[in-house]
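Multiple structures follow.
In what comes next, subunit A is part of two complexes: it sits with subunit B in the first one and with subunit C in the second one.
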Partner chain A sequence: MRDTLRFALRQISVQLQIRTFNLYSLLLFFIQPAIFSAVGMILSRAAGNAKPDLIYTVIGGGILGMWSGMLFTSTYDIRSDRRDGILELLVASPTPLRRIEYVRTFTNIAASLVSLLMAIGAAIAIFGFTFAGMNILLLLLAVGLLLYSLWCLGVFLANFLAWSRLSGSLVDFLELPIAFLCGFMYPIRVLPEWLQWISVVVPVRWALQALDSILLKTTKLDNYWFFISMSFITATLFWLLSVWFNRKVDDHIRITGELSSI
Partner chain B sequence: MNAIEATTLKKVFVNRRGFWQQKRKSTVAVENVSFQVDQGELFGVLGPNGAGKTTTVKMLTTILLPTCGSGSILGFDLAKQTVEIRKRIGFTFGGSRGLYSRLTAKENLQYFAELYALKPDYSRKRIPEMLEMVGLLSRADDRVETFSSGMQQRLHLARALLHDPEVLFLDEPTVGIDPVGARELRQTIRALKQSGKTVLLTTHYMAEAEDLCDRIAIVNHGKVIALDTPTALRKRIRPESVIEITVSLDKASTIEQLIKPLDGKLRVESRVTENEHHYSLYTPAPESILEALAPSLQAKVIQGLQVRNQTMEDVYIALIGESERDA
Partner chain C sequence: MNPVKRWIRLYFIQAWFSYRALFAWSTPFNYIASKLGFPFFSMLLFIFLGQSVGLNDPVYIVIGNILLLPSLNGVMGISMTIGGEKQFGALSYLLGSPAPRSAVFIGRAFFHIIDGFIAVLVALPIAILVFHLDLSQTNFLLLALCVLLVCITSTGLGFIMGVVTLLSRDGWMITSTLALAFYVLIGVNFPIEALPGWLRGISLSLPMTRGIQAARMALAGADFATLAPLIAGEIIIGAAYILFGFALFRGVEQISFRNGALDNL
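Now for the complex of A and B:
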């Protein structure tokens, strides 16, 4: 256990130094969410709303920062490791690549939490948002489930990146469609019914609905536990899939030689 | 027990092209490669670019799975006991890739120490030792992005040795390093052998292989075309001496007239540089050739003359040439 913890701390430290504290992450975590929130507020005002809907503007910007943080940094890690000739070294070490990916993805998502905190800060400062009357424990649980959902998706997607040199484009392509299905850009209810059905398997959607029910009280608290359960179940499903897929990836990359960039 | 055992190892890469009508193209990178390396032996794999050296090393280091054949490292099966093998081997690939450039030399080693599950007490002691061994202790806290390619190559070696592996794979370790750095690295490799480590070294520098290796496998087109000690390999080809002659371009015809009558007694290779014509005369009887050349030497037609024994390079060129003709 101590060895695992020591490995995790070292991996987190390396991750923060080589990937997180750089200009790209700054743009991803701060600038992009700010632009999203500003556009959201302008559109909301243009639609005649005196008070913009927080979840699709300010909080949505924060979630976008976390989503992009998970998607881009987690997948970028493998791309750049492949390009720099490090991926082979990681795979040929006694530590399973899966374990490395677990800690990296956790670090990326935990770092991107700053986007959400900034968004909530902006909501308080600009819109007079307050935590008064909120159950803070339930709020923290919803945020925890949001992190867990993103983490499970992150480790699942990382497998695709390890699988093939070309799969990076697939992940780029998935960014917006999945973001729509999460329900932070548009309400899920405005999507076509078949898309709403697809969004059932997206764990982030449920975690966001749980967060919504606590932060903005737009849904009944009775539904909170349903959202939490759905988020946990669907996220865990992605994690189990990632464990199964990871075994396939381990064999596949040793057969195809896709670990190197050339 | 052999340290390394490869039995008819084969690796075929399949490329798929096209979306609707996929075309598969198979490339045989390694074909039926077999050899054994004893514990404590320094074994060389020599071959031109694309011969299959690196693919062979990647199979032996568990990075690639052989398409056919089998192999073992210290008795552990390559296909099934990968974790056991990974704990016991160290490896470096040529070039300066494979390090986190934004981390310092020490931080890179600390990270890999964790990946190899080294105890903190051990790695605290081992990391400065390894940096000292490769001459980078004074640069331990400098970012790798400030290192020359030679320094990065040395840091790779330190990384590969961090967990004190029993078997070491060095894939073209001196590529891109200046002559002084390459000589120092060769001394380190020699010291590793003396300390009892098994080393498999791939290179396309003949002198390096001849200088370091107990036995050498020469590979071409994915196949082992010769495997023996350097001395035995030299004996394989016709024992000949090499007379190297340099003349100015305008005197080339004089030399050609001189050596034409000696046609059956020697084999000639020639190349032209900007101002000079170089001839390599391979002969089992150098004395008679030198006698024939003596008048031109006196007339100062010949600018440079050197007689030498065949080197590993000559052996390599002869064997590779033979295998090309067979192919």
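Now for the complex of A and C:
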């Protein structure tokens, strides 16, 4: 237990210093969400609204920042390891690659939380957003589920690179489609029904709906628990898939003795 | 060989090789997805964002995002082409070669201009089918001229960002940020009149802003006389950026010959 904790703390420290806190993360965590939020606010003003929709336009921008931050940092980790010649050392070390990915993805998501916190801070400081009348416990549970969903997706996508070297490019193209299909910056009901069906397997969509239902105070509690359950189930499925997938990669390395597949 | 012939030959040969090198790693899927994927999904995101706040007509956003394609090509493509020379260790050889710099540097833009123009030609019919764009009034010749102009003028910013990429390890991040800022600054998703005064000033000092405005008006059927001031403004600003980009490259090259600045990073 002590060794595991020591490993996790060291890994978090290295990950934060080397990979997470750099100018690229600044772009992903703050600038990109700010630009998308700015477009939303100006469109809202052009539509004749006196105030922007704080939940979707401002806080949604923060969630987009979390998603982009997690997606790029987690999936680029293995690619960077290969490029820097660290991958062989990691695979040969007694700590399983899977465990390293778990801690790295956790660190990335914890760091990307600053994007959401900044967005909420901006909503409170600039637009007078208030949490009055909200059930804070349910809100925290929804945020927790959002983090868990992102973590499960993160460890799944990190292993996704095992398919091929070019799958890194495929991961790049997930960023906006998921944001668009899961309703990061608008209520998902705006989408045509057939498009809403595509995102039922994405846990982030359900976590967001749970979060929205608390922030907007419009949805019944039954719906909230349904969203929470769906988010937990789909996220766990992604985690189980990543465990299975990781075993396949380990087997491949043991049998062929080469790392070209990852 | 005749110096003019040599210049032209060098211009086209290195333009082709630098463009091929940029996408040499790619597959057709990756190429198409990188060219159209991000812009397509960002457009959809903005359309539904607009719809959720009460803007039910997506045509403005659709047209803007299609006209943004050559701008992204001109700025990001050229910046990557120039920055790649350093990343792959070819810069020292390039700087050491006796080749005329104008052909080597400005030639980087040629295929990106054509590529950007073709991207609009591909995206426009898709938009007509999906979003039922009404082109009954469109002045096609003027529209083509405006799109070509945007393809060319956007390269100026690409040259400048290319030099920034040579000078800074974070050049690519700066270029990406600038490309994202286009969604706000150059009239892609809403008219620049919707911007606060100081941002409108920045918008008007950028290439592409007037070109995109002119292209929108050509789509609506405006004649040349109406568009002439916008086109003239776009040409002047675009030319200024291209000349500044080239001058910046030459300046940095001269400094680098003295202190090795480009190899130090």
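We take it that the second predicted complex is superposed on the first by the 245 of 262 C-alpha atoms of A that agree within 3 Å, B and C clash if a C-alpha of one lies under 4 Å from a C-alpha of the other, contacts with A are read in each partner's own complex, and residues count from 1 in each chain.
The working rule: a contact is a pair of C-beta atoms (placed from the backbone, for glycine too) under 8 Å apart; a residue touches a chain by one contact, two chains touch by 3 or more.
Remember, it's a predicted structure, so these values are computed and weren't measured experimentally.
Student: Which chain, subunit B or subunit C, is in touch with more residues of subunit A?
Tutor: The larger set of subunit A residues in touch belongs to C.
Student: Would you check which partner chain A:Ile126 touches, where first means subunit B only, second means subunit C only, and both and neither mean what they say?
Tutor: neither
Student: Once the structures are superposed on A, label A:Leu16 by its partner contacts, choosing first (subunit B), second (subunit C), both or neither.
Tutor: Touch partners of A:Leu16: none, neither subunit B nor subunit C.
Student: Looking at A:Phe173 after the superposition, I want to know if it touches subunit B, subunit C, both of them or none. Which is it: first, second, both, neither?
Tutor: second
Student: Where does A:Leu241 make contact in the superposed view: on subunit B (first), on subunit C (second), on both, or on neither?
Tutor: neither
Student: Which subunit B residues qualify as touching subunit A in the complex?
Tutor: These residues of subunit B touch subunit A: 13-14, 55, 58, 61-65, 67, 83, 86-87, 91, 93, 95, 97-103, 107, 110-112, 114-117, 120.
Student: Going by the contact rule set out above, which residues of subunit A touch subunit C in the complex?
Tutor: For this pair, the touching residues of subunit A are 23-24, 26-27, 31-32, 35-36, 38-40, 42-49, 52-53, 56-57, 166, 169-170, 172-173, 175-177, 179-180, 185-187, 190-191.
Student: Provide the residue numbers of subunit A that touch subunit B in the complex, in ascending order.
Tutor: 3, 6-7, 10-11, 14, 17-18, 84-86, 88-95, 100, 251, 254-257, 259
Student: Which of the residues in subunit C come into contact with subunit A in the complex?
Tutor: 26-27, 30, 33-34, 37-38, 41-42, 44-46, 48-55, 170, 173, 176-177, 180-181, 183-184, 189-190, 194-195
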